[in-house]
Amino acid sequence: MSIRVEHLTFIYNQGTALEQRALDDVSFEIPNGQFVGLIGHTGSGKSTLIQHLNGLIRPTSGTIFYDGTDIYSEGYSLRQLRSKVGLVFQYPEHQLFEVDVFSDVCYGPKNLGLSQEEIKSRAEDALRSVGMKEKYWDQSPFELSGGQKRRVAIAGVLAMNPEVLILDEPTAGLDPRGRDEILDEIKSLHEEKGMTIILVSHSMEDMARYASRLIVMNHGKKAFDGTPKEVFEHYKELEAMGLAAPQVTYIAHELRERGIPVDKDITTVEEARDAILRLLGK
Amino acid sequence: MIRDITIGQYYPVDSVLHRLDPRTKLFGTMMFIISLFLASNIWGYLAATVFLAAAIRASKVPFGFMVRGLKAILFLLLLSVSFNLFLTDGREIFRLGFLRITIEGLRMAGFMAVRLIYLVVGSSIMTLTTTPNQLTDGLEKSLGFLKKVGVPVHEISMMMSIALRFIPILVEETDKIMKAQMARGADFESGGLIQKAKSMVPLLVPLFISAFRRATDLAMAMEARCYHGGEGRTKMKPLRYAGRDYRTYLVYAFYMAVIIGTRFLPGI
Amino acid sequence: MGIIKASRLIFDYIRRDEEENIEEIDRAIDGLSVDVEKGTFVAILGHNGSGKSTLAKQINGILTPTEGTVWVCGMDTSDESKIWEIRKRTGMVFQNPDNQIIANVVEEDVGFGPENIGVPTEDIWTRVNESLEAVGMTAYRYKSPNKLSGGQKQRVAIAGVMAMRPECIVLDEPTAMLDPNGRREVIRTVRKLNRQEGITVLLITHYMEEAVQADRVIVMDDGKIVMDGTPREIFSRVDELKSYRLDVPQVTELAYELRKAGVNLPEGILSQEELLESLVPLLQAAV
């Protein structure tokens, strides 16, 4: 179930004055079951990249292999691909349209032409896995709170039973509670169902906490690719790209610069606390 | 792509046309449209072509940008051309089954195509060189006399200007919702007419909801900025005719004279 | 009395059925009293549904109290004859940058407010020039708002409000839809207006890093004010903040965790520098 991206290049408005290279020779492979964080400032190409991953955009050159097969080869069913690679857009609640929550979640599986029972059971599973209680299922999605709407929208993609789930800033505009709930649900999808996750986020703190690998995009190119600890060591380069490392990483580096031998690959509050306490002998 | 719609977009460069009073441009556009219907032969269209080409050049808007706007009317264009082509009586020059093409049909179709294309390009020159606010001001002022008979001129023109501002935003939104539903397995292309109409529901419902939400938000933002109708409003850019406007009206007069003149010329 | 004062404010959202019978009453603000001094920068925190947006809308009379009173610059917001005067004095910036820009050219949008209140043409230009300069958007004045980044659009919205020459600006989650760079831009602008022009600022936000920069932090929960103090006071009460489902900045949390483990650090550390200043000597002594 791996995704292999090979020399992907995408140029907007090719041949006009507005020509813009959104992706520039990007290659990487995501093995099954990884939790990947994708970062980059606005306009770095990350949104274009994820739309390629489920075949919504055709690249100018280069290709993508899903499970070893070229997704742009003739006869390859992009609809099939889209059921395997689920894509949750930014503010996904804006795509809700049905009269009630349950029917909305059924939309995806219905498009796949599944049997009535299968559609029903998938929708039920999906709603449960995002923590939507049964009492909401008959309600109009438009009467729910912002965080709930978003969870319904994510359930709508989960009901396609994807092997890979891509989420574009799933916590944008939510309050801290809504944010934590959504991220924890994503984490449990990863851990319990073994789903491959690709998460786009601006929060380096969240990335350090959840992702096991980070891919950094800059000007359409892949700038860094490694574990969060490896990537955040380049905090100076990240800053030049308009990004940053988690606050505690800066503190660790500052301490080291002042001659205090704290680990340099600290990315979370817990790690920082433990490292400092160790030095203090507590 | 729907993104290509250029009608109603403003192209921010500094040109003679950009600096003209919007009323001058409104009048010019109306006059140009009338001239297209007055032109009765190739000479008339030639004059219109020269006038249009001069206007395009003067606008400093890239020609390619303007032509892209035509994609939006491609269907309409094909429809009217084929109607004229196949349904005009006259000297037959080609026949295939029940389809027949006549010389008159060919001529009508050609003129119709030119007329439509010029109409769209002509009006888009106005919107490309006039900010919606100026356009609104122009309309409001030109139609100000209607206020006396109870027509809410200010409200209508404000409405139009806001509609123009939100066209590109809603177009982008449509694109996004479409992609989001495609990611949920939607198919907007295949199937019969009913199937297709049905498949639009997941696109149209979110779009309407979004439009209503934006309308509510915008109304609140406008009220928060003390908007309370046209009463007591002043203008940041009040309309004042300058020398160039009077000169432009002169150009219009000459152009119309030429167009009317061409009607008396022999030609196809 | 400060520039904004609310006394025992109650606000209910009332839902009615088709026959105008009351179907549901949702109390968004529940007996809230507050007094804001002129020139202060107040951050209002609270999770969604805590009533903070409703409070913002009370301040320039978009909503008026169900019970209690709100005074803005000494004027009662329930007094309909004062409504335009109140809105002139208190500008509002909303969350979605696209849904508050009216014009298709930046400078025309900034001029929209002054036009509405009947400012003479020449003065409009002065105000537009000054406001664009104040938010650093002069270079973009002829651009279409659609071509700007989120942070730039919000700065245009702020300029639009500034052109009304308000005494107070209320910003309702202005950074929620922005990326980190956009957020920084907007907050820097707001802070500058507060410091340099003496504008009173009410900033509603989810981002604790933004609240750290305020003079006063108010935490809302269930339509009431539950915490109120300087950032240092508020952010030293980490557990209490967490009980309202709010966050604290990483530095503050780290300092708090260390204190809890018995490390001798001052309370309510807000910045990296503060933490390093107290922590480095301790570590140097230990290593």
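When the chains are written out, they are named A, B and C in that same order, and each has its own residue count from 1.
We adopt the following convention: a contact is a pair of C-beta atoms (placed from the backbone, for glycine too) under 8 Å apart; a residue touches a chain by one contact, two chains touch by 3 or more.
Keep in mind that what you see is a predicted model, and the values were worked out from it rather than measured.
Colleague: Which chains sit in contact with both members of the pair chain A and chain B?
Modeller: Shared contacts of chain A and chain B: C.
Colleague: Looking at C-alpha means, what's the farthest chain from chain C?
Modeller: Relative to chain C, the chain whose C-alpha centre sits farthest away is B.
Colleague: Just how far, in Å, is the C-alpha centre of chain C from the one of chain B?
Modeller: For chain B versus chain C, the centre distance works out to 41 Å.
Colleague: From the mean C-alpha coordinate of chain A to that of chain C, what's the distance rounded to whole Å?
Modeller: Using C-alpha averages as centres, the distance is 30 Å.
Colleague: When you check chain B against every other chain, which residues touch at least two of them?
Modeller: none
Colleague: Which stretch or stretches of chain A touch chain B in the complex?
Modeller: 16-17, 51, 54, 56, 79, 82-83, 86-87, 89, 92, 94-97, 107-108, 111-112, 142, 156-157, 160
Colleague: Contact residues on chain B for chain A in the complex?
Modeller: By the definition above, chain B touches chain A via 62, 64, 173, 176-177, 179-187, 201-202, 205-206, 209-210.
Colleague: Which residues of chain C touch chain B in their complex?
Modeller: 60, 62, 84, 87-88, 91-92, 94, 96, 98-105, 107-108, 111-121, 124-125, 128, 142-144, 146, 160-161, 164
Colleague: Chain A touches which residues of chain C in the complex?
Modeller: Touch residues, chain C against chain A: 47-49, 95, 149-150, 173, 176-177, 179-182, 206, 245-247, 249-251, 253-254, 257-258, 261-263, 272, 275-276, 279-280, 282-284, 286-287.
Colleague: Can you check the complex and tell me which residues of chain B touch chain C?
Modeller: Interface residues on chain B, with respect to chain C: 10, 12, 131-133, 161-162, 164-165, 168-169, 213-214, 217-218, 220-228, 232-238.
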